[in-house]
Amino acid sequence: MAKKPILGLFETADNAADAGDALKAAGVSPADYDFLTDTPYPEGAFGERPEPHKLYIFPFVGALIGLTVGIMLTSMTQMAYPLVQGGKPILSLPPMAVVTYESTMLTAIIFTIIGIIFESRLPAFKEGLYDTRITEGYIGVLVNVEESELTQTQTLLTQAGAIDVVLKAERISG
Amino acid sequence: MEVIEPKGHGQHAGMWVFPDASVMTEDVGEKTKAMPRPFTTALAVTGIFFVLGIVGFIARAVDDGFDDIAPWGYYMAIFSMVFMVTSGAPLVSLAFRFTKSHWRRPLSRVAELFSIVSILNLLMFIPLMFLLPDIANPEGVVEGELAVRKTIWFEGPIGAPHAWDLVGVLFLTITSMTILWISAKPDMAECRDTATGFRRWLYNFLAGNWYGTKRQWNAQKAGLALLGAFYFMILVFMHFVISSDYAQSLIPGWKDSIFPVIYTITSLQMSLGAILVVLFIMRRWGGYEGYIGKSTFWSASKVLLGVTLLWVYHLFAFFITFWYGRVEIEQNVIKYLITDTYAIIFLLNLIFSFALPFAVLLWNPVRRTAWGPALAGVLVLFGGLMFNIRIFVGSANAAPGSNLYRPFMEHIPAPVYPDVWDVFMVVGGLGAVIFLYLAATKLMPLISIWEMKEGTLYQKWGKFLRGEYLILGKPE
Amino acid sequence: MQEGKPLNSKQVNRELLVSILNSPKWFFGALSVLGFIVLVAMSTAGFMINQGFGVTGLNRPVMWGFFITNFVFWIGISHAGVMLSAILRLSKAEWRRPATRAAEILTVFSLMTAMTMPLIHTGRPWRTVYWIYTMPFVPFDYARGIWPNIRSPLVWDPSAVYTYLTSSILFVMVALIPDFAVLRDRTTGISHRIYGMLAMGWQGNARQWKLQIIAGVLLSALILPVFVSVHSIVSWDFGMAVSVKSWHSTIFAPYFVVGAVHSGVSAVALVLIILRYIYGWQNYIRHEHIDALARLLIVVATGWFYFFVMEVLFGFYGREADEIAVRNFQFMVSPWNIWMMIFVGITYFVPVAIWLSRSMRRNLWIMSLACILVNIGMWLERFLIIVPGLARKQLLTFDWYTYRPSSVEWIIIIGTFALVSMLMLTIARVVPLIPLYDIKEGEILRTEIKIGRVTVPAVFRED
């Protein structure tokens, strides 16, 4: 049976952490619940699961591409017009190094940005459980449980101190 | 001292240590007194190297005298290396203290102890004073030659450059030793009651009047700040003077405004590298693992990575400016120091001062270890030696005799290879530094006890919600 | 040291979004005035392009004057963004929190403004289409089949500036995602849709925040080398030239970079003081932040002064007649020597004397004055490097001339200042100039340590 989401809203971080403990004690897998906050909390502050990522591959791939493009661009343009200019050799390495360095860094940064957005699983415009009070400082605990366990989970969240429980999905963005 | 398990979770496992302040003095005092077998062996071996160095020096002096600078290139190189490491180290300590970081605490004393070795600077510099050619052309005004060679002293005011250089090196040594004294006073005071023999006398002499009153602590803080600023200024000035007088001005026509900066950066890089090596040895074999967490290596290695990148950046700035214009003298300087005569030394310099340390320090998991930054430290020290050999052997042999007074270096000299006395002097210089440093570690505690104790007040391990994290207080 | 009182999320949202969600009365007036100045400047530039460069003070041999000085100046200001944002983020300085966004946005706008300078300086700017030669544009002149000459510093320049601009814009946009989410949740209608698109469905879960934090650190580490390279390459526009004495100096690259940091950080300090005043952000831009900036500036200014002394000293070192001629012009000939004295005084001695005093560091009027003086001084620095070198170009004494800027150049220069101010003011209506989540993070990580009778402010640190 498909899992359904349920969102509990908590006023304080302590209550949200209590909810996390209660969910763990109830046997809910850490992969099934998330903490939604309006500010970054230190990793592990709510006892949540670690989030592995492969972001570091992106800048390296980008740098490699940028390096290749840079070397190709600089060397091919110089060889296309083999004019001795200012006594400098046709393939002038120091200027090549400057332009290649810039293209390497540019592509590395662009790929890093792509990587950040991708690893953050963005864009995520799909309908999802969310509440605008989260950006007011409330902490959301988003749980995915079987439909039959929704009521039980709602009770668990309310007992942990949730000021509201959201069940109906809405689009996150307009 | 019982080792407290280092703290940190996940990728930060083992980063921070929280030594026990109550047993620190006793523990560090014992470590200072201890003379284990490996230590005495190291002392003996480096002592032998030191003696070899003196033998090499005397042999060179007997063979060639002090009239011509050309045979002394390797001596100049090793002097410069010793100067760079010993003069730069206290600055590393002061700079990190200025930023009020907590991770610097274990390395302050390690850095400051190099000031004892700086006495060697002074001694090694004295022959260099006699070796430096006159600014004024001894043959007077000769066609095709300059009456006064180009130096930072221009027409050569009274005493320039010898007296000024000596005064500068002297001031540097005195200032760095004063900084060490002021910084170590509280520790010496603490250890004076448990010390015996010569140490007891020394601590009483240097810190007899220290009782740790509020007024004394404030005065110490102000004194270190002021002396630190003064040391920084005089260090930068002396790097400028030594690099100009003994390198740049000896290659006729070499006009390079960035060279003093490169010299200073190489010095910072080497001294930070040396400090990291010492810290690694202390942690691995010295029993200091309870005092030196991996966070110190992690943070210091980021600085070393930055300085390494700065080094190659400044080198490139110099190179491309000279390369671009196709000016004959600049092309000659590049051929001499980089592409032709000393090409192999330059390549080694580039690889060991930049390529390899960069490759090592680029990886965060490596920066988080103790061995990674220490390995980078060893690499940059060797790279620095190559730098000094390239520059100073190059400058000593660039323009023999009256060619020094010509406006430009017209012919590119051949490389000068070391003979046995040069090897003795280089090895002797390195041995002397290590020997004196080892001896200094027995005079004063290698860890700054008062700073570590201060750190225990401001660094805690605490709970936040369901996680445990470092808590850092801000002393202000 | 955290001096301010604790703030909750609702308060932070309300106070920091005041520039976006409310319409202060003075806003449209200020925008109109600045817009008018920009319009006048654009018309003047149009007039200049129509009439030719004779309407400026440029003439052989001083081919580069106010416009290039201004170009270098604005590139310099752009360096503040990375200096504060990247270096303080990497060193985990707590006091960076209110400063980073304003600095990054100032970077973007000052870079864009700087690029207009060489554009109008070409005289026939439409021809630069042939020159659009760096990523992501294709560097090929289709009409004539000509590739750009990568051996020229004037080609390295756009490659560096475009890289820096692209990186800075992307960095700001990524860092803005959580704040766009806050705005998405606070607005309705078309604004809600646009912010929603920009927020990309941000929820604020642990993964997204973790990647944000890593993004900040990783991008900072990647942008820092770019930042160093940009102003170095701009300096090499001058440094590579052998024909102009006093320009061909190896130290130009780091000298310009440190000078850029000096002027840029001073500009950011000034911007922060202005923002604090106009938006009532006393809780966020506190005296401790300005104090910390001033102490950083002492170090940067001293580093700059060291490079300045090296550059001048080695100018004299070679004792070459043509270089001495330039230095003579800079130091002995009126009014250039007067400008030189003023420049050194207001760039280093006066501001550092101010910054050494704690009470003056914390006096916002005096700090504003110091920052303005630094920026005037740094503008003069570039001017005194460029123009005297050209005015005494080589020993062709028949060609020696001077430079007197015309009103056309003055208007365009003033126009660039108005442009940057106008852009900053406009963007303050669209994005929060202080990062909301950064401030909130600082609040939740606050704690205290008790040492004896004293309670010391402290912070939780993940690493």
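Letters A, B and C name the chains as they come in the text, with residue numbers starting at 1 for each one.
To be clear about the criterion, a residue touches a chain if its C-beta (ideal position, glycine included) is under 8 Å from a C-beta of that chain, and two chains touch if they have at least 3 such contacts.
On a predicted model such as this, the values are computed, not experimentally measured, just so you know.
**Student:** Quick check on this structure: which chain has its C-alpha centroid closest to the centroid of all protein C-alpha atoms?
**Tutor:** Centre-most chain by C-alpha means: C.
**Student:** More C-beta contacts across B-C or across A-C?
**Tutor:** By number of C-beta pairs in contact, A-C is the larger.
**Student:** Sort the other chains by how far their Cα centres are from that of subunit A and give me the top one.
**Tutor:** B
**Student:** Averaging only over C-alpha atoms, locate the centres of subunit A and subunit B and give their separation in whole Å.
**Tutor:** One centre to the other, that is 43 Å.
**Student:** Measuring centre to centre with CA averages, how many angstrom lie between subunit B and subunit C?
**Tutor:** 35
**Student:** Between subunit A and subunit C, what is the gap in Å from one C-alpha centre to the other?
**Tutor:** Using C-alpha averages as centres, the distance is 30 Å.
**Student:** Residues touching two or more other chains, restricted to subunit C: which are they?
**Tutor:** 225, 460, 462
**Student:** Quick check on subunit A: which residues sit in contact with 2+ other chains?
**Tutor:** As it turns out, subunit A has residues touching two or more other chains at 13, 41-43, 46, 86, 88, 95, 98.
**Student:** Quick check: what residues of subunit B touch more than one other chain, meaning two or more?
**Tutor:** Each of 320, 324, 326, 464, 469 in subunit B touches at least two other chains.
**Student:** Over in the complex, which subunit B residues touch subunit C? Could you list them?
**Tutor:** Touching subunit C: residues 12, 15, 99, 150-152, 154, 236, 240, 255-261, 302, 309, 313-314, 317-318, 320-322, 324-327, 457-458, 460, 462, 464, 469-476 of subunit B.
**Student:** Contact residues on subunit C for subunit A in the complex?
**Tutor:** Residues 8-10, 13, 134-135, 139, 146-152, 155-156, 159-160, 162-163, 166-167, 170-171, 174, 177-178, 181-182, 184-186, 192-193, 195-197, 199-215, 218-219, 222-223, 225-226, 229, 233, 436-437, 440-441, 443-445, 460, 462.
**Student:** Quick check on the complex: what are the subunit A residues that touch subunit C?
**Tutor:** 13, 34-43, 46, 48-49, 51, 53, 55-56, 59, 69, 73-74, 77-78, 80-81, 85-86, 88, 92, 95-96, 98-99, 101-103, 105-110, 112-113, 116-117, 119-126, 128, 130, 132, 134-137, 140, 142, 172-174
**Student:** Once bound in the complex, which stretches of subunit C touch subunit B?
**Tutor:** 1-2, 90-91, 225, 228, 232, 236, 239-242, 248-254, 306-307, 310-311, 313-319, 447, 449, 451, 456-463
**Student:** In the complex formed with subunit A, which residues of subunit B make contact?
**Tutor:** Of all residues in subunit B, those touching subunit A are 9-10, 316, 319-320, 323-324, 326, 464-467, 469.
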